[in-house]
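Before anything else, here is the set of structures, which you'll find just below.
Next come two complexes built around chain A: one with chain B, the other with chain C.
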Partner chain A sequence: MRPPPLLRVRDLTMRFGGVVALNRVGFEVAPGSVTALIGPNGAGKTTVFNCLTGFYAPSAGEMRFHAPDGVEVALHDLLGGPWRGADFASPAAFGWRLYYKMFGGAALAARAGVVRTFQNIRLFREMTVMENLLVAQRAWVNNGILSGLLATPAYRRAEAEAIERAWHWLDFFRLADDGNRLAGSLPYGRQRRLEIARAMCVEPRLLCLDEPAAGLNPSETHELAEWILALRRGHGVTVCLIEHDMGLVMEISDHVVVLDHGQVLVAGRPEVVRDDPAVLEAYLGAPEEG
Partner chain B sequence: MMAIRDGGEPEGGGLTWATRLRDAALTGVIALLLFAPLTGVTLTGYALEGHWQRPLWLAAGVVVGRLLIGLFLEARRARPPVESAQASEKVGWIDRNRPFILGLALACALILPWFIGKYWLNVAILALIYVLLALGLNIVVGLAGLLDLGFVAFYAVGAYGYALGFKYLGLSFWLALPSAALLAGLCGILLGFPVLRMHGDYLAIVTLGFGEIVRLVLNNWMELTGGPNGVRAPFPSLFGLEFGRRAQPGHTTFHEFFQIPYSSETRDIFFYLLLLMVVAGMIFVVRRLRRMPLGRNWEALREDEIACRSLGIQPVTVKLSAFGLGAMTGGLGGVFFAASQGFVNPTSFTFMESAHILAMVILGGMGSTGGVIIAAVILTVLPEVLRDFAEYRGLAFGMAMVGMMIWRPRGLMGIRRARFHRSEVGR
Partner chain C sequence: MVNGLVLGSVYGLIAVGYTMVYGIIGMINFAHGDVYMIAAYLTAIFLAALTALGLHAAPMVILLVLALTMLVTALYGWSVERIAYRPLRASNRLAPLISAIGMSLILQNYVRLSQGARTQGTPTLLDGGVRLFENGPDQFVQITHAQILIVVTAVVGMGLLWYLIHGTAIGRACRAVQQDRVMASLLGVDTDRVISIVFVLGAGMAGVAGSLVTFNYGSFDFFIGFVTGIKAFTAAVLGGIGSLPGAMLGGVILGLAESIFSGFVNTDYKDVFAFSLLVLVLIIRPSGLLGRPEVEKV
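For the complex of A and B:
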């Protein structure tokens, strides 16, 4: 029997004024899989990620995240929706609305285990590589101020663990030599790797990578493929991937969803999608390597 | 590291003589246009007098200066900025001897008051108060990257918190210290709420307005604050021992208790040492915070708020904590200021004061604790040294700023980042 999906997206619609960026998008992500989201430029791929990770409140539709350990999160509710007249009548509704406005959104998604990287790399450039990884570790962040100022044994232990974990991920992505460099001074390829390493420090269940191979050379891309597969195998991470490099998509993904003009064109196994005439047509204007 | 910029052509000699001369000529013309009406004409009685040689001389000076700048400074500046990459690699002499230097500085600061006399002691006290303020603003602006132009408001809350607390509630200095600081911190958080979604310029304007509102309220709420007449703020006592010449009824004075001759300097030395302790404590707290999750979150927020959110960090709490802690430090400074002056009134809390503190943070290098402390001391002590040239203070100040931007755009000290070494324990 197939396990229930980790993520189920249904009828996801996103409108920006008159622009319909997503129109009733639906797909599923199986636990432990690599699911690729492909499509021509402007198809709405990044918008899907923005909705998934709580940066945009979708206009309609639902996104349900079922973690294997029973945690269930309605990702479409993370931003709490717009203010309504009724909120001002009931204090409870008002309170919740306010809570979501202040504390809702992306941070909640990350805490639920949906963590992303960005198409245009977003590192803390004036901080060192190690610091970038330490910021991401919330288990340590949650320590109180006082215990930190007094450097209590519990605090020191948490700090040592966080540093240890950061070194682990630096080793994993072969960045250990750069640990004390400023993140902004790294070469481009390493910045991409660092962003993924930083996301891994959040301990994601679903890792959403937005064009991780953009700007990488073929050997770096190959390395990246191995790393993604290793993450899935060794760390129980499910990966959702936006990518234009068809070689990479075909190599590592189990399931491919093709978006075009904000709609799902085809979804299925990579070899099926590759030979689908509708997909070829969508890409005809801008033929890709695939 | 050299590989980063090896595409560039050999610069340095890149500026040709022709461009230099053209630049200089252009600057000269602009200078002439500016100086001619300013210095070329004087009004004597009702008659205009022309002094055409004056603007010409000034413009000639500007042309020569521009040429010199072109020759020396710009050639140097044209070199590739590898500084940022190197900043984290370099372990300088200062870094290696840091504990020693810190200890020496503290020892010097401790014995200082016995050597400098009453006048300079008061300058030193003022300098320490500014160090406190600059450390507080550094949290908000330097670390969290929230441009706050109304920081003086929290300074005022601290100062008036003590003065009014004493007037209406009989609050002693020692009680006022924590409570006025907490009050200021609370004000910081309250200000933080409405500006949570603002960045950069918008935030700057709102905080500027907030600073002015606080000052205007203090100035105009005559019944509560006494308006421009100000409020009295008494000097602290030490375990009930007073520092005046004669004790209030039922109290003892310090010099009587220890049976030493009365000197007004005793009280200033006491105040200085007390303030020094608070400043040292604050330096410790800030230095620790920078290596703690909270301090790192502040910096991460300054670097990229969206990335912070994607990692599960709530910008709201991070921002409010920066505002709150910064304001609290400002409030502490305010209490000390009120006690040292014996009196507060709204003229001490103008926008110029905010700008002054901000200049310390910028000169010191945003986020660098050591740099900010040095800048605060320099900017307080230097005007006193140059008292005879008081008219040129603004000029010197401006030139220092411009010089900084040319030679040390990252501040006096540059920022030292924590370094991590692999522990052997791991494996």
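For the complex of A and C:
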């Protein structure tokens, strides 16, 4: 029997004024898999990511995130969407809606274990590589002004752990030599790696990569593929990625979801999707590197 | 010269609040000067309370009053952010600005109504001073103990703040939020909490400034926040808004310029001179002395 999906997206709809960016999108992400979202430009791939990570509050639909420890997080609620009829049915529903309205935000999605990277790199450019990784760690959550100023033992322990974890990921992505450089001064390929390393520091269960191979040369892309597979093997991370490089998609993904005009066109194994006539049509002919 | 340094430290302490809030949410917190004014009143109240309780040892009283004032003004800073700015976070940039002006008027008038519009005073706690460069009975430079207290406290306060921002986890989070708020929140940083903390720190610093000024001059009214606030804001812009050392430097330069000008030229025109200086600096360096030109976000 297949394990239950890590993420189940159902009827996800996103409207911006009159424009329907996503229309009842539904797909599942199996735990430990690499799922690719592909489709022509403007198909709504990035919008799906924005909804998943709490960037946008979706207009309708649900995104349920099943963590391995049995906790189920309704990602669509985290941003405190509009009031619905169901919220008034029970005091608990009312309370949660009110809570998310007041305290909700994208940070909660990250803490639930959904972390993303961006198509255009968004590092903290004025901070060092190390600091970029430290910011991403939860350790600071329990640390206020006083514990930092007084350097309490608990604070120091948390800092030491955070630094150790940061070194682990620096080594993993072969960035260890750059620890004290400003993130903005790194070459492009390393900035990409650093962004993934930083996302890993949040200890995600679902890592969403938005065009991780954009602007990388073929050998860097190949390295990236190996890293993604290694993350999945060695760290139990489930990966969801948007990518235009069909070679990379076909090489590493287990499941491909094709979006077009805000709707799911086809979903299935890469080789099935590749030969699907509807997909070929959406791309106006054959994919570049099928 | 010494007066200038003292005045400058006070401007610097307040300017830090403007600069930090601007750096993190790109908004000018007009109610900040009034937090400083409230600190002056609080200092007088706590002084009276402690004296009534029978505490008279000056160092002890000063420390306690500073701590208490900081605590309460920090609370003010937190509440102002919570009430007036957070609900407007998602709206355009003008809305929180207007809300800030409104908050400033509310604080001024609430103090005026509750404390009266008259100028209030406190007894001086620290008498005497140190005389330097004495050449005869009329030629000397006198530095009062209160002035020393102001400069030392300002330097210590700035040092602690610097360490907090650059050496601790919470400061790291502040800097991350300053650079890219959305990204920070996507990494699990609770940006609302960070912004609150920035307001708390800024207000705490303004609280220290208010206390110190009350120790030194001993008189204040409900309107001091406006003028001093504008001056501190000028100092922040002068030093490069968004830059912490810039705020302190801007404060000291502004204070020195004012007191030197009023000492050697004319007291009445000292504000004109101070603001002319600002205009000049901005013409030559539009981003302030230590400011960086806005980096285009990709």
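The criterion applied here is as follows: the second predicted complex is superposed on the first by the 264 of 290 C-alpha atoms of A that agree within 3 Å, B and C clash if a C-alpha of one lies under 4 Å from a C-alpha of the other, contacts with A are read in each partner's own complex, and residues count from 1 in each chain.
Note that in this section contacts are C-beta pairs under 8 Å (C-beta built on N, C-alpha and C of every residue); 3 or more make two chains touch, one makes a residue touch a chain.
Everything numeric in this text was worked out from a predicted model, so none of it was measured.
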Room on chain A for both chain B and chain C (clash or fit): clash
Contacts of A:A160 with chain B and chain C, given as first, second, both or neither: first
First, second, both or neither for A:V135, with chain B first and chain C second: both
First (chain B), second (chain C), both or neither touched by A:R125: both
Which superposed partner A:V115 touches (first chain B, second chain C, both, neither): both
First, second, both or neither for A:L182, with chain B first and chain C second: first
Touching partner for A:V19 - first (chain B), second (chain C), both, neither: neither
Contact residues of chain A, present in both the chain B and the chain C interface: 53-55, 103, 105-107, 110-111, 115-116, 118, 122, 124-127, 131, 134-136, 138, 140-141, 143, 145, 148-149, 198-199, 201-202
Residue ranges of chain C touching chain A (in the complex, touch as defined): 160, 163-164, 167-173, 175-176, 179-180, 182-192, 197, 200-201, 295, 298
Residues of chain B touching chain A in the complex: 1, 4, 84-85, 87-89, 196, 285, 288-289, 292-294, 296-297, 299-300, 302-304, 306-316, 415, 417-420, 422-423, 426
Complex contacts: residues of chain A adjacent to chain B: 53-55, 102-103, 105-107, 110-111, 115-116, 118, 122-128, 130-131, 134-136, 138, 140-141, 143, 145, 148-149, 151, 160, 163-164, 166-167, 176, 179-182, 184-185, 198-199, 201-202
In the complex with chain C, residue positions of chain A that touch it: 53-55, 103, 105-107, 109-111, 115-116, 118, 120-122, 124-127, 131, 134-136, 138-141, 143-145, 148-149, 155, 158-159, 162, 198-199, 201-202
